[in-house]
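See the structures that follow.
Shared chain: subunit A. Partners: subunit B in the first complex, subunit C in the second.
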Partner chain A sequence: MKPSVLAKKIAFFVGIVLVWQALDSANVWPDKIFPSPLEVGESLWYGASNGTLFYGIGTSLWRLAIGLSIAIAGGITLGVFMARVETVNQTIGSIVLGLQSIPSVAWSPLAIVWFGLTDAGVIFVTVAGAIFSVTINTYTGVKNINPDYIAAAQNMGAKGGQLITKVLVPAAFPYMISGFKQGWAFAWRGVIGAELLFSFLGLGFLLNVGRQLSDVSQVIAMMLVIMIIGIVIDGLIFKRLEDKVMSRWGLR
Partner chain B sequence: MKILVYSGVAVAVIAIAVASVLSSGQPESDKNQVRVVFFANVNHAVPIVGLENGEFAKELGSTAIKTRVVDSGPEVIEALFTKSADLGYLGPAPFVIGYVKSKTDDIKILSGAASGGASFVIQKDSTISTAADLDGKKIAAPFVGNTQDVSLRHYLAEHNLKPRESGGTVTVYNIANPEIYTIFAKGDIDAAWVPEPTATMLVEQLGGKRLFQEEDTWPDGKFSSVLLVGRTEFLEKHPDVVAKWVAANTNTVNWIKENPDKTESIFIDFYKKYTGKKLDENIIHDAFSHIQITSEPIQNSISIFAERAYGLGYLGHSGYNLDHIYYDVNNGTVGGTSWQN
Partner chain C sequence: MAKLEAKNIVKYFDHDGQQLRALGGINLVVEEGDFICLVGPSGCGKSTFLRIVAGLQKPEEGQILLDNRPIVSTGPDRILVFQEGALFPWLKVRDNVEFGLKIAGIPESERHEISKRYLDMMDLTKFANSYTYQLSTGMRQRVAIARALVMDPEVLLMDEPFAALDAQTRDTLLVEMQMIWQKTKKTIVFVTHSVSEATVLGNKVAIFTHRPSTIKKIVNIENKRPRLSEDDSLMKYQQEILAELRPEVKLKEDAE
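After this line comes the complex of A and B, so read on.
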């Protein structure tokens, strides 16, 4: 990052904190509904010092990892089949877009009934939220492969599994990467949303605890943590992965 | 540097937008009415019976009464804080948490409404017999920061057990009473620390065993479980209405003591009206036998709840002060250090 960009960013964040502090000092709203940045910082500090914050982050990330892995594996499979087998596309394909439009938390009541208040329930919500964007992107990617590549591979004797792993998936990979990126964002929302509703461990649960204890600073603290994890995972994993794939595939 | 100016303007615009949204919605606090929140639990019999038999309406005369039924103490606190309620019935733990969090004595105790009425219930084939057996178990209590939640978590801490979110071994589920009933029935949990009538329903309908009643864990065998509290601003503005309400509260306590049978049938009708579920008469009879309806707030139990909540980190981390939690009805003054009837 260039120094000037960094400076702007720092100035922006410092500005937010200053405006926030000024609003708090102006006492427009009582402290109990509008805490100062300091109080939010304190909430984070206490969460970190007694470990609950790290257990919460660990639990949420673990659920995210499992849920996203299932969503990616399932989404790729479903996407490839939709693109290659016309019947699958005509049947399952017709509802994928509809399913994609269901917000992941809307699966929570069903997940509670089916799985009870368990990790499996939260993971189910995560998968349901993420799998269809991976599916759709994989489908688009495979559909957009130059048919000559597939014909050439088939002429050379590739078929079935080999065709998929050696030709279709690599060729569709740039699209699939955007699918993963979208899928991860949906998965993260799914995890937090489900944890809020399930109220069973994780960052969403800690956020809910803040609400139930009328502790607005804890609520804001947890929202910040959720956001920061989002930025970090996106920047460290998905953006890098995308950049690498794009340059390796000669797309930029 | 232009970008800095733009971002500054953007932040200001957002702040103003947020401010105007938050300040919109005129409070209803100036109308000639009182808005009351309570739960559909047996230990909330005072508001339920007093409203159903017309005692409150009789005492309040022309002042309109608006009621709302909620599931948990934290919801009562939210309603009081956001000025969408004037009076509320709730347990001592959420009251203390709300009082300390308000920082400016926004709520006060007017009277008690019930004592006791919570039990620790285990599955019928459970081998749990002592606190040590709870290691690795799944236990439910309604809502974080509610009275049973504070009691359960304190009980665990007392016996050196930690919940999973703090790296311990006990899974604590904080969910509403009807959901606790459902997952208890499915066998997903090993035990539940619940108020009446849920505790009795778990025992009589699902074959659960009542391992102990919460009062057994208290020094002198009794603790406050429901308080009548008010929003300080409302108390200051309408001392006459508040005095009438407190008088009706006391009358209802006496009426309930004199008419246990009618109380039970009123509660069953109310519960049917509110949830659509008809409760068995025996269950309600048993549930009432586990609670005491009283206007005494049992002051030392409130202090103990505060200590326990503080120990759990529910009251922040920089000490707390309960010097002004009582409202003196006789003088219409707020800020009493103790409760006077």
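After this line comes the complex of A and C, so read on.
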């Protein structure tokens, strides 16, 4: 990052904290519903020192990892078959867009009925929230493959599974990355949303505990943690993966 | 002996919902070791014919015989070099060249041995670890040719592989292509729109008519190699081919 950009960012965040502190000092709202930055910081420190924060982060990330892996594997499979087998596209394909429009938390009641208040239930919500973005982007990617790539591969003897793993998937990868990026964001929302409803460990649970105890500092602290994890995962994993793939594929 | 034989190949194009008879019964015999160039007015279906030979498209009528056996599908015994190369951008040059060998399940050490030979032949050794976007168009076509040669096909099919190259690069590759042919003794079917390119490369040049196309004439060229595009001795063949081609191009233009 260029120093000037970094300076801008630092100034922006310092500005937010200052405005926040100023609002708090003005005593417009009672402290109970509008905590100061320091109180939120204390809440974070408290959670960190007794370990509940890290346990919550670990639990949520673990669920995210499992759910997102299933969503990516399933989404790629479904997307490839939709793009290559007309019948699959005409049947399953016609409902995928509709399923994609269901917010992930809307799967929670079903998950509770089917899986109870378990990890499997949270993971189910995560998968349901993320799988269809991966599916749609994979489908688009495979449909947009230069037909000469497929013809050349078949000409050299590739068929069936080899054609899928050695040509279709890598050729569609730049599109699939967009699906992963969308899918991960949906998965993260799914995890937190389900944890809120399931009240069963994780960051969403800690957020809900904050509400139940009327501890607004903890609510805001958990929201900050959820957001920061979002920024970190996007920047460290998906942005890097995207940059790497785009340059490798000669697309930028 | 006939290596490759096309028997009455008929193919329709779908043109604005209308069925257009593109190939009107192509009959062609390619002898073992021939370097045959196909020329014809644009849109006459010569590239389509090549894809039919490769087994990538099916004709409405007729059949292709390879060593007297009808072909049923595509396969590595007839490798096609595409106009734009169709190299895989996610693979390094070496992995592109070894793609077909890997598909065939050939072990890594053997693959490297084979690819090394053809990377050397095509002057690509120092680019073996590059990605294709890092190469010039000419270099990419060399990779495409190497990728085809490693498969040791019975027939090498080339679809205007030099069409997008600048004149100097094309001249170099025209000479190299002749050396490759002499060295490997491959049977080559080469589609081009350039009459000059056809006379430099081919020991036979087959002229397609306008749609529905048939083969109008085959010109034999026995000049010694390596030939260059500026060779005076090729002039008379070029004139002969152009004389056959001109009325076909006129028919095409009248039809539009």
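The working rule: the second predicted complex is superposed on the first by the 252 of 252 C-alpha atoms of A that agree within 3 Å, B and C clash if a C-alpha of one lies under 4 Å from a C-alpha of the other, contacts with A are read in each partner's own complex, and residues count from 1 in each chain.
Just so it is clear, contacts are C-beta pairs under 8 Å (C-beta built on N, C-alpha and C of every residue); 3 or more make two chains touch, one makes a residue touch a chain.
Nothing here was measured: the structure is a model prediction, and the numbers come from that model.
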Which superposed partner A:Lys166 touches (first subunit B, second subunit C, both, neither): second
Touched partner set for A:Gly250, first subunit B, second subunit C, both or neither: second
First (subunit B), second (subunit C), both or neither touched by A:Ser94: neither
Touching partner for A:Leu23 - first (subunit B), second (subunit C), both, neither: first
Partner touching more residues of subunit A, whether subunit B or subunit C: B
Which superposed partner A:Gly56 touches (first subunit B, second subunit C, both, neither): first
Partner chain(s) touched by A:Ser69 [first = subunit B, second = subunit C, both, neither]: neither
Partner chain(s) touched by A:Gln154 [first = subunit B, second = subunit C, both, neither]: second
Subunit C-facing residues of subunit A, complex: 146, 148-149, 151-158, 162, 166-167, 170-171, 173, 248-250
Partner subunit A, residues of subunit B touching it in the complex: 3-4, 7-8, 11-12, 15, 19, 22, 72, 74, 77-78, 81, 97-98, 101-104, 106, 143-146, 164-167, 171, 173-175, 183, 186, 188, 313-314, 316-317
Subunit A-touching residues of subunit C, taken from the complex the two chains share: 51, 54-56, 74-76, 78-80, 82, 84, 86, 88-91, 99-100, 102-104, 131-134, 147, 151
Residue numbers on subunit A that touch subunit B, as the complex places them: 8, 11-12, 15-16, 19, 23, 28-33, 42, 46, 50-52, 55-56, 59, 116-118, 199-201, 205-206, 208-209, 211-215
